[in-house]
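Presented sequentially are two complexes of subunit A, the first with subunit B as partner and the second with subunit C.
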Partner chain A sequence: MRRTMLYLPGNNPNMLVRGHLFGSDGIIMDLEDAVAMSEKDAARTMVSKFLRRGDFGSTEVTVRINGVDTEYWKKDLEAVVPHKRLDGIRLPKADSPQIIKDVDEELSRLEDKYGIEQGHIKLFCILETAYGIWHAYDVATASKRVAAILPGGEDLVADLKTSRTPEGTELEWSRRMIVIAARAAGVDAIDLMFPRVTDDEGLRKDAQFSKDLGFDGKSVIHPNQIPIIHQIFTPTEKEIEKAQRIIAAAEDAKARGLGTVSVDGRMVDIPVVKRAHYILIKAGLEKEAE
Partner chain B sequence: MKTASAGTLESMDCLVTVTEAAPGSGVVIELEGSSVSRFRSAMEKTVRSTLSDLGANDVTVNVNDHGSLDVVLEARVETAVKRLRGEK
Partner chain C sequence: MALNALGRDIPEFIPGYGPTKLYQGAFALAPSANYHGPKLRVTNPDCTNKVLPDIKAAIAASGLKSGMTISFHHHMRNGDYVVNQVIDACAEMGIRDLTLFPSALFGVHKHLIDHIKSGVISRIWGSVNGPIGTLFSYGGVENPAILRSHGARPRAVMSGDVHIDVAFVAAPSCDCYGNINGTQGKSACGSMGYAMTDCQFADCVVAVTDNLVAYPNSPVSIDQTHADYVVAVDSIGDPAGIVSGTTKVTRDPLRLLIARYASRLIEASPYFKSGISFQTGASGIALAVTAFMKDAMVKRGIKGSFGLGGITSYFVDLLRDGLVEKLLDVQSFDLGAVKSIAEDPRHIEISADMYANPWNRGAAVNMLDVVVLGATEVDRDFNVNVNTEASGELLHGTGGHQDTAAGAKLTIIAQPLLRGRIPCVTDKVLTVTTPGECIDAIVTEYGITINPRRADLLEAVKSIHDVPVISMDELADKAAAMAGPMEPVETTDRIIGVVEWRDGTVIDVVRQLVKK
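For the complex of A and B:
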């Protein structure tokens, strides 16, 4: 479940100590934009030490490394991969299948070097250019490691030669494209973070829009955003109860050799049953098939 | 004498300054900060073992602590030593 993934600046011990306690489904220790150029070495060492300590509960632990267009990305991977508590790498500017293949190759080399199961480390690919969005499906299928694709924020806005609007019009199509490509590729779609940390109402609307588009969750930049997003992405009691009735009715129909059945006056066919299972997975009541 | 620093004076962090010393002069550790009176020996142990792992035998280390955990102190000492050596 990836309803929320919280960014933690990689050179900020205060946030790194407490980050996993705020209840997000995942954390992202950031070595990229949240770290000044002069502190890249310090953040890399700090994050490596925290990973070695491994005290993160059941939270999914990822690290955003610097992009492959920088001198840092291999050093970043070398520092974090040896620690088995690392679940995945969030890769910025992951805008072409070749970039994914290059990073996949380096991860395989390091997994081999440090005795880690091949393919253990997943990739979360941020698409930050129009080219990347256009090739989202190819990126998502470039390696078995890809667990999710994500739309970029500011870089993507700049590349689209537009600017931020309160309604988010400038990124709407890119976000839709990410969901379609992710579903086609069978990976998760995680939406961008909402930048206005004190605007709860704006966040609520944005998260609802993300959910309606089909995203699995959102990136988060402030702990206060977590409960609001969880509330929206977690099915309600009523939705769960209905999903359970749909599944029970479908199983009953199957046992009696009937093709279809109706629940609350609505025909229950395969897509409806599929959606009901998806609701139970989201509620944590069913496990997702591998 | 060459000097390098790492860290900040923010809460749960520490500012570590490492100064190169003459060969054979050994390790000198100076600790300051509100938690030093309670955790002096644990902090000294962390600094010494980090220096030993890095093979830094002749240095003076000053730690201005603001409630850092051992993992943070270790990271800051390591970064400062690597900066002193010009490794980035």
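For the complex of A and C:
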């Protein structure tokens, strides 16, 4: 489940030590934009130390490294990959399949070097250019490590030669394309973070829009955003109850050799059953098929 | 030296305090004596006006002399002018060696430091905060501070442990015969709860008002039978410091997390049912607990009976929304609470005696289901310190901590495990304010920790699936591992503070710090 992935600045020990306590499905220790150039080395060392301690509960643990267009990315990987508690790398500017292949290769080398199971480290690819959005499917399928693709924020807006609007019109189609590419490639789609941390109502609307588009979850920049997003991305008791009735009715129909059956006056066909299973997966009541 | 029931070393005699009675247990002591009464007075029909021209005239009329005890009350909070005005007048009149018996002091009272240094004030029997606390901590005051809870204070007065010579009462509204209320006038503060018992038991009572109204004043919180003199001054306080505008729920994610965990514990407890009563105070975490509880009460269709203690506008909203039936208010924290206590008969003014005194015919804390409290430290035995900081400085009063912890059926300490690098859960607290036998649970960002003597709660929390439950030893080990070794607080043998339990026994002492 990746409803929420919380960014923690890699140079803030207070957040690194407590970040996992806020109940997000994942955390992202950030070595990229949250860290000033002069602090890159210190942050890398600190994140590595926290990973070694490994005190993160059951949260999915990822690190956002610096982009492959910088001098830091290999040092970043070298510092974090040896720690078994690392589940994945969030890769910025992951705009072409070749970039994914290069990072995949380096990860394989490090996994080999440190005796970590090949392919253990997943990739979360941020597409930050128009070219990247256009090639989202190719990026998502460039390596088996890719677990999710995500739309970029500021960089993508600049590359699209537009600017931020309160309604978020400028990124709407990029977000839609990410969902389509992710579903086609069979990976997760994780949406943008919502920048206004005290605007609960705005967040609620934005998260609902993310969910309606088909995203699996959102990136998060403040712990207070987590319960609101969870509320929206977690099925309600009513939805769960209905999904269970649909599945039971479909199974009953199958056992009795009936073609179709109806629940609440609506015909239950294969897509409806599929959606019902998806609701139960989101509710944590069913496991997703590999 | 002798060990009290918590194993704390308490001298048999403390200079500036006298012989000690050892703490024996939260409910071990029962009184056998009678009430200690004030002097009888006669007021003949020729006295129809108690108003004197100024504070000095009232001090002179009261018979206040060097070496006597004067009491004050903190309903003006950090806006109070009366304490400073009275002590300044005493100093100018050459009165010295006073014992100050305040229900609490605030930052505004740091003005008293000069009077302490010059010998006008020799003893403070009440909370010492901020710079005054630091002065005590490093040995700047000859006699130790005596720390009593809000309930222990009226007990000490009624039992004769403390005899008040003159009580000075800041009166937001008062007539010429001494009928006082706190809800009217430019310095309105709401409840007068902390002043009530003093007015009944002091030898002399002086009402200081900036709102002298025609006789008879109404409503009456403290009536004319208790007032000896009335003084009208320009101002008794700064309204901005008396009450805050509105009390808002914190947005600090850590505090919200802890509050959410505490609320889940309350929901899982046997007390979360119709008729629940609670006290949560005005601190960040506690107020947020109330907000989460409100959501849970609405969701589960539960209505509470009463809210107790210091009342905020947040509690007033609960009353208006029908989520509690009544408010029992010993201190009104903000404008919303002041307005409500003035207008709504379901919002009831109570004395500190009725609130929390263990030696009367029943305090309101006994009727409490749940209280959420803070701490500077908690130890492996669940003993709580609220008086001294990690530095060893005596910086906080006891407030209602002991009383509500002893009275409530579920006492929760909700506090981050670490403040900066300082652990809040330790092997042994520096000062015991409230014994572990009165504490049922600690809630930190790492989850819920139940006192093992509450087997029923250990069972109840099994139904909570979204909050970690962690044992005290695990929690203390975690705090120690994260904080690393702490430098021990270095003290001398000299005692600068005596922490009394509700019943007047000594639960702990605070020693003078070594200057670094």
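Quick notes
As a working rule, the second predicted complex is superposed on the first by the 290 of 290 C-alpha atoms of A that agree within 3 Å, B and C clash if a C-alpha of one lies under 4 Å from a C-alpha of the other, contacts with A are read in each partner's own complex, and residues count from 1 in each chain.
Going forward, a residue touches a chain if its C-beta (ideal position, glycine included) is under 8 Å from a C-beta of that chain, and two chains touch if they have at least 3 such contacts.
Everything quoted here is computed from the prediction, not taken from an experiment.
Contact with neither subunit B nor subunit C is seen for A:Phe215 once the two complexes are overlaid on the shared chain. Within the superposed three-chain model, A:Tyr137 lies out of touch with both subunit B and subunit C [touch as defined at top]. In the superposition on chain A, A:Phe56 makes contact with neither subunit B nor subunit C.
Of the two partner chains, subunit C is the only one touched by A:Asn224; subunit B is not. Shared-chain residue A:Phe233: touches no atom of subunit B or subunit C. Of the two partner chains placed around the shared chain by superposition, subunit B is the only one that A:Ala42 touches, whereas subunit C remains out of contact.
Once the two complexes are laid over each other on the shared chain, residue contacts for A:Phe124 go to neither subunit B nor subunit C.
Judged by the touch definition given at the top, the superposed model places A:Phe22 against subunit C, while subunit B stays out of reach. Of the two partner chains placed around the shared chain by superposition, subunit C is the only one that A:Thr198 touches, whereas subunit B remains out of contact.
The intersection of subunit A residues touching subunit B with those touching subunit C, taken from the two complexes, comprises 17.
By the touch rule above, subunit C contacts subunit A in their complex via residues 251, 253-254, 256-257, 260, 445-446, 466, 468, 482. Subunit A makes touch with subunit B in their complex at residues 12-14, 17, 40-42, 45-46, 48-50, 52-53.
Those residues of subunit A that touch subunit C in the shared complex are 17-18, 21-23, 57, 198, 222-224, 227.
Those residues of subunit B whose C-beta lies close enough to touch subunit A in the complex are 6-7, 10-13, 68-69, 71-72, 74-76, 78-79, 82-83, 87-88.
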